[in-house]
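Quick one: structure below, then a few questions.
Per-chain residue numbering starts at 1, and chain names A, B, C and D are given in the order in which the chains are listed.
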Amino acid sequence: MGILLDEAPYILENFPGGGIVITSADWFINWSRANSLWPLTFGLACCAFEMISANMSKYDLDRFGVFPRPTPRQADLIFVAGTLTKKMAPRLKKLYDQMGEPKYVISMGSCSNTGGPFYDSYAVVKGVDKVIPVDVYVAGCPPRPENLIEGIKKLQEKIKKDTIKNNGRAKIFK
Amino acid sequence: MDAQKYLNEIKGRFPGTADAAPERIKDGVPALLCPAPFLFEIVKYLKAEGFNYLMDLCATDYRDSLEVIYHFCALETNVKLTVKVRLDREKPELASITPLYPGADWQEREAFDLLGINFPGHPDLKNLLLPCGWEGHPLRKDYSRKPDQYD
Amino acid sequence: MTENTLKDKDGFETMYLNMGPQHPSTHGVLRLGLVLDGEVIIKAEPDIGYLHRGMEKLAESRTYQANIAMSDRFDYVTSMNNNFVTALAVEKLLGVEIPKRAQYLRILMAELNRVVNHILFFGFFAMDLGATTALIFGFREREEALELFESVCGARLTYNYFRVGGVSRDLPAGFIEKAGNFVKMMRSRLKDYDDLVTGNVIFQDRSVGIGRISKEDVLAYSLSGPVMRASGIKYDIRKDDTYSVYREFDFEVPVRENGDCFDRYMMRMLELREALKIIEQVLIKLEPGEILAKVPKIIKPPAGEAYVRTESPKGELALYLVSDGTANPYRLHLRAPSFINLQILQKILTGVKVADVIAILGSIDITLGEVDR
Amino acid sequence: MNISYGLENIWTWLITLIDRLFCRAGLPYIFAYTLEKIIFGVALLVFISISVLFLIWLERKVSAHMQSRLGPMHVGGWHGWAQTIADMVKLLFKEDIIPAKADKWVHRIAPIVVFVPSLMAFLVIPFEKNLIGQDLNAGILLIFAFSSLAVLAIIMGGWASNNKYTLLGGIRSAAQMVSYEIPLVLSVLSVIMLVGSLKLNDIVEAQQGWHWFAFTQPLAFMLYIIAATAEVNRTPFDLPEAESEIVSGYNTEYSGLKYGFFMLSEFTNMLIVALVAATVFMGGWQGPKWLPLPGIIWLLLKTYLIVFVLMWFRWTFPRLRVDRLMDFGWKVLIPLAFVNIFLTGLFMVVFK
């Protein structure tokens, strides 16, 4: 996290009126974060097609400010759309690590939630949360684009409850 | 069936193959049970005879032995032929047909990867689907998975 | 591949570029190891298996019907065609007769799915060459087709529509008109596609003469489907080794001669038109009747083997099925067209530019789900 | 007061006021002059920031409508007008990553280097006759000089990130921008020959009464638009950041606000080339006599027309390949530009 946000809230809190500053800053920053979720263009399997569909004309995630980025550095959000295999798991971890804080994960579809229809396979990781922390789980095999939109809405609600004081869940998850 | 002609021809040429396999595949596609040492020569012969298209190559674990199945097709005449090879389960080795059919490359690697069949003569025989350093061959019937870091 | 042993023609050090598994246009999780001399590729090595889910092993612990559901996930763009081949293989082992209406419905769905696959190919191929809008146009039309699928079987992507001995549901009311409208709409949209992409000078510049595959290579590498026919080999399993009731329909097998990216693109566009033709014929021929043959609840085919080939939109999709008389298959092997078509990359990528890698990969039209299984 | 030069009059009035105040206070003129330039600079910065934020939003809306989508709809209410603001604020508070093996200082400086020359170029553009940072004798030359500097930043960014994709992007960009700079300047050269001045205001005034150089020099105009598209790295010439080939090109390793700078500069550059096109080829701040709107409005209308065309290109065409791009630049555009200059010269000799 930038210098601006690391210590500022704690210093501010000691000043009279600092709390209000923090609250309004919280509101503003969370508003911007929630409304500008840039996902990584990253699809693993079947669900990737529903993820792409959600970006296309009929569902158009761009309406909510979701603007796919090809590189993890510029992404805030990663849709894990599809089956995570053991060969892919280290790569996913790496991609996740390459993203800048704050970063969010939506696990899309049964496979990435729990292993789905491949739960008893030798090559499949049973749930992406064994590799990276997940914010929102979207159920379905594959989930419809509407489900994904609902998932994004849920994530936006979650972001809006955040505060700069525990900024960057880095402190929780590192 | 036309392919029967080729089978008889092969049986005449390669004496060790006299005991052809029973016709197990339906549609009357004949199957040839070929002893492993003869495989390369027989496939070479088949290719010269016009079986220019390797449809499929796969292997099955029959508990007592491993079986590699080649499905050939002559595109011009649409004659199909199946060649089967029985291999010893402990030390399965079979000549690679990649020099004849480059398309067999990945299919042989897949069989090597998932069933542990060795193909001497293959240019680059290594893991294809499984991660490097994977132990065991999952498609064998007695494969049991060891728990790993993701369980 | 070792990085530093390969030198370029002047003896300078080369660059090793690791493309994928996360890359915007490797169509999933394919990894390409490229040795570059500037932007020219000296050696290319595809690395697959990042989506290897062990489906062939899983099939051995699923019933035959569950395997049809599983087959949806082989190539998730052409689920209906995967259902088709799985159902056909089991039926071959069982030896059941399929009712006429079910046969027609199967062909209707398979051809609709061919249309969907080729629309997606159009979109992704144009996207790979940098034309983003084409992708979105492709998806727009795909949504219409998905609505048809959804009205029939309730799912958008993983249909699980086929049953051993027939299909699961009959057509809903009004389907025939809707499908007819879809065919009409698709015909008019195809004109848009041609205006936007096919005739574009830059598009032709990027695809004509790129990634040429010769007839000999097609045979040597066992390539199939549009990739094969784009190189001048007229072979379509629907015609030449026919299955189901394709015999009753009148359609052409388009063929092109050059075998470059543009021809492979044109092949799909032409096939799309033929598929629409078949759909129209099916819609006329459909008659009321049974949709499911009498098959036992628990399917236990007699011990034996079956090898069934079908023409999926990607190429020759075949299934090798071994039964030991129990409720689960003893061995299920999928001859995946993407898997086998992908091998040619090692050969034809040498000497092309980085930008062409994407074009060539796109023109082969792979789905990683099928490559890795 | 002539209503059609409203903004200009306010500016003249402000300058006069400052001059008088400083004169009365007995301070040397240089202070007044500096203050005026600072005010102008700040106003310009505000204008550029707002324009660029608007342009990004516009790009997303235009692309969306071309693709039968809607584009941003929810943020801020009406048609997602606040979308870019949200994006920028988010980028501001996003973690700033410098890759471990990167050349740290070069990596840090590149986003600033990319932004400064784009801003500098605005100084010589006449928004109205007197509404101009500095009406330099060599105005047009300065613009091209500064816009060529942008390539430096892109190479810096591409090299310093220590990533092979960024390196490829940087090298592609160097080759492309250096070669397309030539037809860009050559196409404007024929206009300069006709006008006989490098001063932008002279060029504008030479086009009085619909004598736009877009009509009298159509070839030069076309060459300019093509070369300018390449100069600002937009499709069909967006090779430095070709998403489907080299991920995100030179900015692959940039995150947070640094990436924001690259994104902003891309749109700033687009604004500049469109402004120059409007000024040099489309009559600049002059509008028809019967519709007395402020000149800046006319200029912006023309600019946004060009911007729209550039966006239209982007969402229609596929991308050229590297070698074909260079072929096109050197074997088609440059010869054509020379032919155009030759014809212009011939025309001037014959008809003078």
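The rule is short, and it goes like this: a contact is a pair of C-beta atoms (placed from the backbone, for glycine too) under 8 Å apart; a residue touches a chain by one contact, two chains touch by 3 or more.
Computed from a predicted structure; not experimentally measured.
Student: Could you let me know which interface, A-D or B-C, is made of more C-beta pairs in contact?
Tutor: Higher contact count goes to A-D.
Student: Hey, how far is the Cα centre of chain B from the one of chain C, in Å?
Tutor: Here the centre of chain C sits 25 Å away from the centre of chain B.
Student: Averaging over Cα atoms per chain, report the distance between chain A and chain D in Å.
Tutor: Each chain reduced to its C-alpha mean, chain A and chain D end up 35 Å apart.
Student: Could you tell me the distance, in whole angstrom, between the mean C-alpha positions of chain B and chain D?
Tutor: It comes to 63 Å between the two C-alpha centres.
Student: Starting from the mean Cα coordinates of chain C and chain D, work out the distance between those two points in Å.
Tutor: Their C-alpha centroids are separated by 45 Å.
Student: Name the residues of chain B that each touch 2 or more other chains.
Tutor: In chain B, the residues touching two or more other chains are 129-131, 138, 143.
Student: For chain C, jot down the residues that touch at least 2 other chains.
Tutor: 23-24, 49, 52, 54, 57, 136, 140, 372
Student: Would you pick out the residues of chain A that each touch at least 2 other chains?
Tutor: 56-57, 70, 87, 122-123 - these are the residues of chain A that touch more than one other chain.
Student: Any two chains that touch count here, so list every such pair.
Tutor: Once each pair is checked, the touching ones are A-B, A-C, A-D, B-C, C-D.
Student: Over in the complex, which chain B residues touch chain C? Could you list them?
Tutor: Those in contact with chain C are residues 24-27, 29, 52-56, 58, 60-61, 69, 71, 75, 78, 82, 101-107, 114, 127-131, 138-139, 143.
Student: Quick one: in the complex, what on chain D touches chain C?
Tutor: 63, 66-69, 164-165, 168, 172, 235-236, 238-239, 242-247, 315-324
Student: Which residues of chain C touch chain D once you look at their complex with the stated criterion?
Tutor: Spelled out, the residues of chain C in touch with chain D are 15-18, 23-25, 39, 126-133, 136-137, 140, 196-197, 200, 202-203, 205-206, 353-358.
Student: Considering only the defined contacts, which chain A positions touch chain D in the complex?
Tutor: 1-2, 4-5, 28-29, 31-33, 35-36, 38, 56-57, 60, 62-65, 67, 69-71, 73-74, 76, 98, 100-102, 168
Student: Can you list the residues on chain D that touch chain A in the complex?
Tutor: 60, 64, 67-75, 80, 82-83, 85-90, 92-97, 243, 247-248, 251-256, 259
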